[in-house]
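One structure below.
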Amino acid sequence: MHLARIIGSVVATDKDERLTGVKLLVIQPIRSNGEDKGSPLVAVDTIGAGYGETVFYARSKEGAMPLEIPDVPVDAGVIGIVDSIHVPQASKERTA
Amino acid sequence: MHLARIIGSVVATDKDERLTGVKLLVIQPIRSNGEDKGSPLVAVDTIGAGYGETVFYARSKEGAMPLEIPDVPVDAGVIGIVDSIHVPQASKERTA
Amino acid sequence: MHLARIIGSVVATDKDERLTGVKLLVIQPIRSNGEDKGSPLVAVDTIGAGYGETVFYARSKEGAMPLEIPDVPVDAGVIGIVDSIHVPQASKERTA
Amino acid sequence: MHLARIIGSVVATDKDERLTGVKLLVIQPIRSNGEDKGSPLVAVDTIGAGYGETVFYARSKEGAMPLEIPDVPVDAGVIGIVDSIHVPQASKERTA
Amino acid sequence: MHLARIIGSVVATDKDERLTGVKLLVIQPIRSNGEDKGSPLVAVDTIGAGYGETVFYARSKEGAMPLEIPDVPVDAGVIGIVDSIHVPQASKERTA
């Protein structure tokens, strides 16, 4: 799974009917030290995450499993809200 | 899922028979601020999206699920047309 | 799916038995303007594509579905031959 | 599969219920010579791996198969602890 | 699929039980002209490939299908040994 911060949302009226009522979040992937990493993507919300929260998400249909919607066309889903990240100093993340 | 803009189409006569009648779009992935990101790819249209529209698409067979064609050899599909993207200023996307 | 040009083939005698009789192509991914993009890969031929032709391929087992071989260990397959690509000028692909 | 070193953990109270009791590790992908490669990610522990150990992990739902939890929304899992890596000199890894 | 050269092996005692007796290879992805491409990864051997041989491998669980082990947590497998690669000069691979 990957860490991300919720930075926005997408409104889409014309979409696959299985996505009706599903919240679409814009999430910014981050490193374990909180820095941005790469570009934002769109993920479904499966846990009730809110703006600004740090979350972890899964890719592929694995990310949509909590929705329990058969054959839902989803390839990324927020599956948990992060309380804290523990990375002892000796192993601190390279930012290169 | 990922944001993209529809920039063209592909015509292919010789193809897997399960793709007969399926529209093949050339889509340009974009950032949430509308800038291009990486190279265009080919995706199936599942929603009736038109030239120039901003859409979101799913990768892998998830993107083809709205087609409801068993075992269709598809790894990217446009699944919704974007009305608007909300990304409050504090979190605006890095372009690096 | 992704665009590519067929640039060669691979001969392999010792291989999984499900691949017996399956043609292995070396394909060069290309942009919609025909330029090379990244490195060649090996894909199965499912459509009878020939040397030098422009094709589109799917990744993962989706690319092998036209073979209709259960549990075939394939993660890329050529699924259609491209007649033409239409990308109107206003949206022409960035080469950066 | 990919080599990694365990560098930390993630605490998350609000998460998909299928993840209850599952340990979430922060892992740093490494090269076969032990150097860091890319950014850390979050993976489930399926084998009882501890801080600082070198492990290998699988991506996608394959990584979660040892958990034997149906439809668990996981896309990376630590599946083995590495005793030793043998890479004879002639083939030593490029660090570029 | 992707071309690679076998450069080593991994020994792991503590691992998912479905991997008992499965050989773990360190493979270096290569271009069709034999040059290294990117970093080595760990793949299961399904074909009896030996040190220094040029092979092709598949990603995701497709790569493990020849093992015929239900739910084996594997995301890359060597599935064939390459006898020869034919890439006519006109299309020779860019090394950029």
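Order as written gives the chain letters A, B, C, D and E; numbering starts at 1 within each chain.
Throughout what follows, a contact is a pair of C-beta atoms (placed from the backbone, for glycine too) under 8 Å apart; a residue touches a chain by one contact, two chains touch by 3 or more.
This one's a predicted model, so the numbers in the text were calculated from it and none came from an experiment.
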Intercentroid distance (Cα basis), subunit D paired with subunit C, Å: 31
Per the centroid of Cα atoms for each chain, what is the distance between subunit C and subunit E, given in Å? 19
Which residues does subunit B have that touch at least 2 chains other than itself? 60, 64
Have a look at which chains touch which and call the overall pattern line, ring, star, complete or other. ring
Going round from subunit C, first to subunit E: chain order: C, E, D, A, B
Subunit C - residues contacting subunit B, complex: 1-3, 31-32, 37, 46-49, 56, 58-60, 62-66, 68, 77, 79-88, 91, 93-94
Touching subunit A in the complex, subunit D uses residues 5, 7-16, 18-19, 24, 26, 28, 36, 39-43, 51-52, 60-61, 64, 71-76
